[in-house]
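Next come two complexes, and both contain chain A; in the first it sits with chain B, in the second with chain C.
Our next item is the complex of A and B:
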C-alpha cells in the first residue's frame, strides 16, 4: 500500500521565487526514501512541506490516502528529527520524549510505558532524568529520535540528522538508524547532502537539483545508470570523470589526437563519462590513453591518482583514477590506462541526458 | 592583565579601595547616625561611631511614627513601597513578555509598525507624560490608591525589547518541533517560552524592582493621603520640618530601611541576574 504520495507538488514563494516546480513521488509503506542533493536544491523545503512547516502552493500531499495539504503538522501523523535536534533545553529527556504525547492527551501510565519501551530500544534508560545540556551530541541525537519514535507516527522525517556528529559517530548512527527503521518498518523520508549516507541508507534515492527530481531509483540503479550528468557526478566518490567529446562513425573523439572506438547511432557533441574505480592501469601497448600524474592520495586500501589526460588538447582534462592497494607513481610521470567499454556512460552534451 | 607589574597592581587596588570608600562612607554615616540620640547631628559635627540609641530609634521609626511630620509607622510605608514596586515589576514583565511574544512569533499586519511605536515610547518616560497621565488617573478616580500608583508605570518598552531579543534567539527548529508535538500558541508560551526565558525574567525583575522601588515623582504627585505614601518619597517630607530640628537619627533609620529591599533583591537574585544578562543557556 502506498503510504505517502506527492502529486505534482510545488512551492512558489510569495515573492515569485519557484523553489520546487513540480515533483511526483509515491512511497510504499515501510520504504526508506532519501532526498539528496547539493545545498539549496530544495530538499529541505520539500521535507518541510511534507511536515507541514512550509505551505504547499501546488499539488496534493496524501498520507495513507488522506489529503493533508491544509492540516497542521501535529495532525498529519508525522514525526521529525531536526539537524540541531531541537530538544527543549529546560526539560529532562523523559519530558522531551513525553511532550508530544502529553499534548495529545495520552494518559500518564501509557506515556510512561511508551517512553520506557523506546528508551530501552535506544539505550536511553540511564539518561531519562538528565537535561539535553548534560548529554553528548550522539546522546542528543538518540533523544531526538526517541522523541519521534514514541509518537509511533505513520511517517518519519529526518532533516540532515547526522551532520552535527563527528565522522565516527556518524557511521555508527547511520547503521543504527537503518536497523531501527527496518525493525519499526515506518515509512521514512530522509534528507541529506552526503551521498555516502544516501547510498547506504536508502531503499530508493531521489536526487534533487534546483527543485527538480533528476532521478528516482535504488542506489545501484543510480550508480550504474545515472540519468543525467548531474546524477553521474553527484553519486559516487570521487565523482565520475566527464569529458567533452564528439560521437562520429569512428567512435568518440575526445580531442584531435585522441579517439576511442565505439559503435553508436548518435552523432554529435556528447559527454563521455567513466568512474575513477573503473579505470585500469595498463601498459603503453594496450592502454586506451595516458595520464600525466599530478597528485597521489594514498588511503591505504586504495590510491587516488589525480592527473591530466595527455590528449594534446589546449584545455587540460583532469582525470581521477582509483586503484586498489598502494601505488606510488612519481609526480609528472606517465600512466597508461584502459577504460572498459561496459563502464562507459554517454550523455547528450546539450540536454545532459543519458544516451 | 596577564603581566605582573607591582606598580600597576598597587595602582589598580588603590583605585578600587578609593571607590569602595566613596560608596561605603555615606552608608556608614547613615548606619552610625541611626544609633545616635536625637540632636547629635545638630552639634555641628557628624558622628562617626555608634551611639547608644540604636534599638530605641529603630523600634520607634518602624512601629510608632516616622517623625514629627509623618505620623505613620515606617512598616506601613515599607508595605506601600513593596506593593508598588512588586506591582510595577510584575505588571511590566507580564505585559512586555506577552507583547514580545506577539511581535516575534505571530505574523499580523503592521507588526513592524507596532513594534516601532512601542520602541518610540522609550522616549516618553514618566516625567514627560506626567500631566496627561495625572489627568487620566484623576478622571478614573484612582488618586490615592495602589492601582493609581502602579498602573501608569507598568508599560515598558525596554522590557518588551529585551524579551524580543531573547525570543528571537530561540532557534526556529525548536518552535517547529513544538508545532509538530502539537503545542498550540498558549501551550508553547507556558511550556516552552516561559521556562526558557526564566533567567531573563529574573534579570528584568531585579532591574524593574529597583526602578519601581525608587519611584519618587509619581507617588509624590498622586498621593495626598499618607496611608498611601511610599518610603522613598516620605524621606523627603521628613526633611521638610517647618520649625524645629530635623530628626536626623530617624531619617537615617528610614534611609537604611529604604535601601534594604533593593539590596536584598540584588543579592538574592544576582546569580540569575548575571545569567540572564550573559545568557549562557540555549
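Our next item is the complex of A and C:
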C-alpha cells in the first residue's frame, strides 16, 4: 500500500524564490527513501514540507490516503530527527523521549514501558537520567532517534542526521539506522548530501538538482543507468569520467585523432561516460586509448590513477582510473586502457539526457 | 551547554562603566556613612558625639523602619515582576513579528533613554488628580483616583513609573535570549504535539530562565536602590509613608529630618543588603546557567 504520496508538490518561498518547481513521488509502506543532492538543492525544504514545518505552496501531500497539506505537524503522525538533534537541553533523556507521548495523553505506565523498550533497543538504558549536555555526539544522535521511535509514527523523517558525527561513528550509525528501520518497517524519508550514505541506506533514491528530481530509482538502477549527466557524476565515487564527443558513422569521435568504434543511430554532439572502476589496464596492441599519468593515489585495496587522455586535443581531457590492488606507475608515464563497450554511458550533449 | 547564551559575558561588559561610576560616587560616600553611623549629631550639625551601636538599636526598634521595609519589598517585587512579565510578553511578540521588526524594536527601547526623574514627572502629570488625563479617565469610569490620599494608589503609581523604563532593558535581554534558542527546538516540540502555549512554558521559558533570573536580580537591585528619582518626583514617600522605601527614607531622615546618625545607620543596612544580593546573584547565575 502506498503510504506517502507527493503529487506535483512545489514550494515558492515568501521572498519569491522557487525552491522546488514540482515533484511527484509515491512511497510504499516501509520503504526507505533517500533524498540526495548538492547543498541548496531543496532537500530540507522538501522534507520540512512533509513534516509540516514549511507550508506547501503547490500540489498535494497524502499520508495513508489523507490529504495533510493543512494539518499541523503534530497531526501528521510523523517524527523527525534534526541535523543538530534538537534535544531539549533542560530535560533528561527520559523526559526528552517522553515529551511527545505526554502531549498526546499517554498514561504514565505506558510511557515508561515504551521508553524502556526503545532505550533497550538503542542501548540508552544507562543514560536515561542524564541531560543532553552530558552526552557525547553519538549518544545524542541515538537519543534523537529514540525520541522519534518511541512515538511509533507512520513516517520517519531524517535531515542529515549523521553529518555531525566523525567518519567511523557515521558508518556505524548508518548500519544501525538501516537495521532499525528494517525491524520497525516504518516508512522513512532521509535527507543527505553524502552519496555513499544514500547508496547504502536507500531502497530508492531521489536525486535532486535545483529542486527538480533528476532521477528516482534503486541505487543500482541509478548506478547502472543514470538518466542524466548530473546523476552520472553525482552517484559513484570517484565520479564517472565524462568526455565530449561526436557520434558519427565511424563511432564516437573523442578528438580528431581518437575515435571509439560503435554502431549507433544517433548523430551529433554527445557526452561519453565511463566509470573509473570500469576502465581496465591494457597494452599498446589491445588498448583503446592511452593516458599520461599525472597523479597516483594508493589506498591499499585500490589505486586511483589520475591522468590526461593522449588524444591530441588542445583541451586536456582528465581521466580517473580505479584499479584494484597496489599499482605504482611513474608520473608522466603512458598507460594503455580498454573501455569495455557494455559499460559505456551516452548522453545528449545538449539535453544532458541519457541516449 | 552555555552555547544557548552566547551573551554571557556581554551583560558584565555592559555594566562595567556603571561599576566605575559606582566606585567613585558610591564607595567613597559609603565610607563616610560608616563613620557617621556611630556618631550622633545635633540638628544644627555643630557637635558630634560617639554613641557606638545606639543608632542601630534605635533603628531596629522603630516600627516605621519595619513599615518602610515592607513598602520596599512590595514595591521592589512588584516592579521586578511587572517589568519582567511585560518585557517577556513584548519580546515574544517582537520575536514573531516579521514585517517592521526594526521599528517595533527601536520604539520599545526608547523609554530606557528617558531620565528617571523625567519619567517620574511624566507619570506625575498623567496621574495628577486634578489635571492628569489618566486620573480624569479613571474618575469617569467610576474609580476615584487620588494618590495623594490613597496609599495603595500611590504605590501603584510609583510601581508603574519605576517599571516603565525597566521594560526596555528587560525586553532587550529577553529578545536576545529568545533569538538564541534554536528554531529546531521549537519545531521539534511542535512535532511532539505541544501547543504554542505549551511550547512556551515547556521549552522557551525554561531555556530563558538564566536570563529571567539575571533580570530578576538586576530589577530588584534597581527597584531597591535606583528609584529615588521616581519616588521623589511623584509621591515623596507619601501619603503617610506608604511609598517611603528604604532608600527614600535615608534621604528623608537625613536631609529633611536632619538625623544624620540614624540615616547613616540605615545606609549601612542597605549596603549589607546590596552585598547579600550580589552574592546571591553570582552564586546562582554561576550555577543556573549551566545546562
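Just so it is clear, the second predicted complex is superposed on the first by the 355 of 355 C-alpha atoms of A that agree within 3 Å, B and C clash if a C-alpha of one lies under 4 Å from a C-alpha of the other, contacts with A are read in each partner's own complex, and residues count from 1 in each chain.
Throughout what follows, contacts are C-beta pairs under 8 Å (C-beta built on N, C-alpha and C of every residue); 3 or more make two chains touch, one makes a residue touch a chain.
Everything quoted here is computed from the prediction, not taken from an experiment.
Engineer: Superposed on chain A, are chain B and chain C clashing or fitting side by side?
Structural biologist: clash
Engineer: Touching A:133 in the superposition: chain B (first), chain C (second), both, neither?
Structural biologist: both
Engineer: Regarding the shared-chain residue A:99, is it in contact with chain B (first), chain C (second), both, or neither?
Structural biologist: The answer is both, since A:99 touches chain B and chain C.
Engineer: Which of the two partners, first being chain B and second being chain C, lies in contact with A:261: first, second, both, or neither?
Structural biologist: Once the two structures are laid over each other on A, A:261 reaches no partner at all.
Engineer: For A:300, using the defined touch cut-off, is the partner it touches chain B, chain C, both, or neither? Pick first, second, both or neither.
Structural biologist: A:300: touches no partner chain.
Engineer: Regarding the shared-chain residue A:74, is it in contact with chain B (first), chain C (second), both, or neither?
Structural biologist: In the superposition, A:74 touches chain B and chain C alike.
Engineer: Go through the superposed model and pick first if A:325 touches only chain B, second if only chain C, both, or neither.
Structural biologist: A:325 contacts neither chain B nor chain C.
Engineer: With both complexes overlaid on chain A, does A:51 touch chain B (first), chain C (second), both or neither?
Structural biologist: Both partners, chain B and chain C.
Engineer: Examine A:312 and indicate which partner it touches, taking first as chain B and second as chain C; both and neither are also allowed.
Structural biologist: The answer is neither, since A:312 touches no partner chain.
Engineer: Applying the document's definition of touch, where does A:65 land relative to chain B and chain C: first, second, both, or neither?
Structural biologist: So A:65 meets neither chain B nor chain C here.
Engineer: For chain A, which residues lie in the overlap of the chain B contacts and the chain C contacts?
Structural biologist: 51-53, 72-74, 78-80, 82-84, 86-90, 99-100, 103-104, 133, 147
Engineer: How about chain C: which of its residues touch chain A in the complex?
Structural biologist: Those in contact with chain A are residues 1, 4, 182, 184-185, 187-194, 198, 202-203, 206-207, 209, 290-291.
Engineer: Over in the complex, which chain B residues touch chain A? Could you list them?
Structural biologist: That would be residues 171, 173-174, 176-183, 187, 191-192, 195-196, 198, 281-282 of chain B.
Engineer: Across the complex, what residues on chain A touch chain B?
Structural biologist: 51-53, 72-74, 78-80, 82-84, 86-91, 99-100, 103-104, 133, 147
Engineer: Show which residues of chain A lie in contact with chain C when the two form their complex.
Structural biologist: 51-53, 72-74, 78-80, 82-84, 86-90, 99-100, 103-104, 131-133, 147, 151
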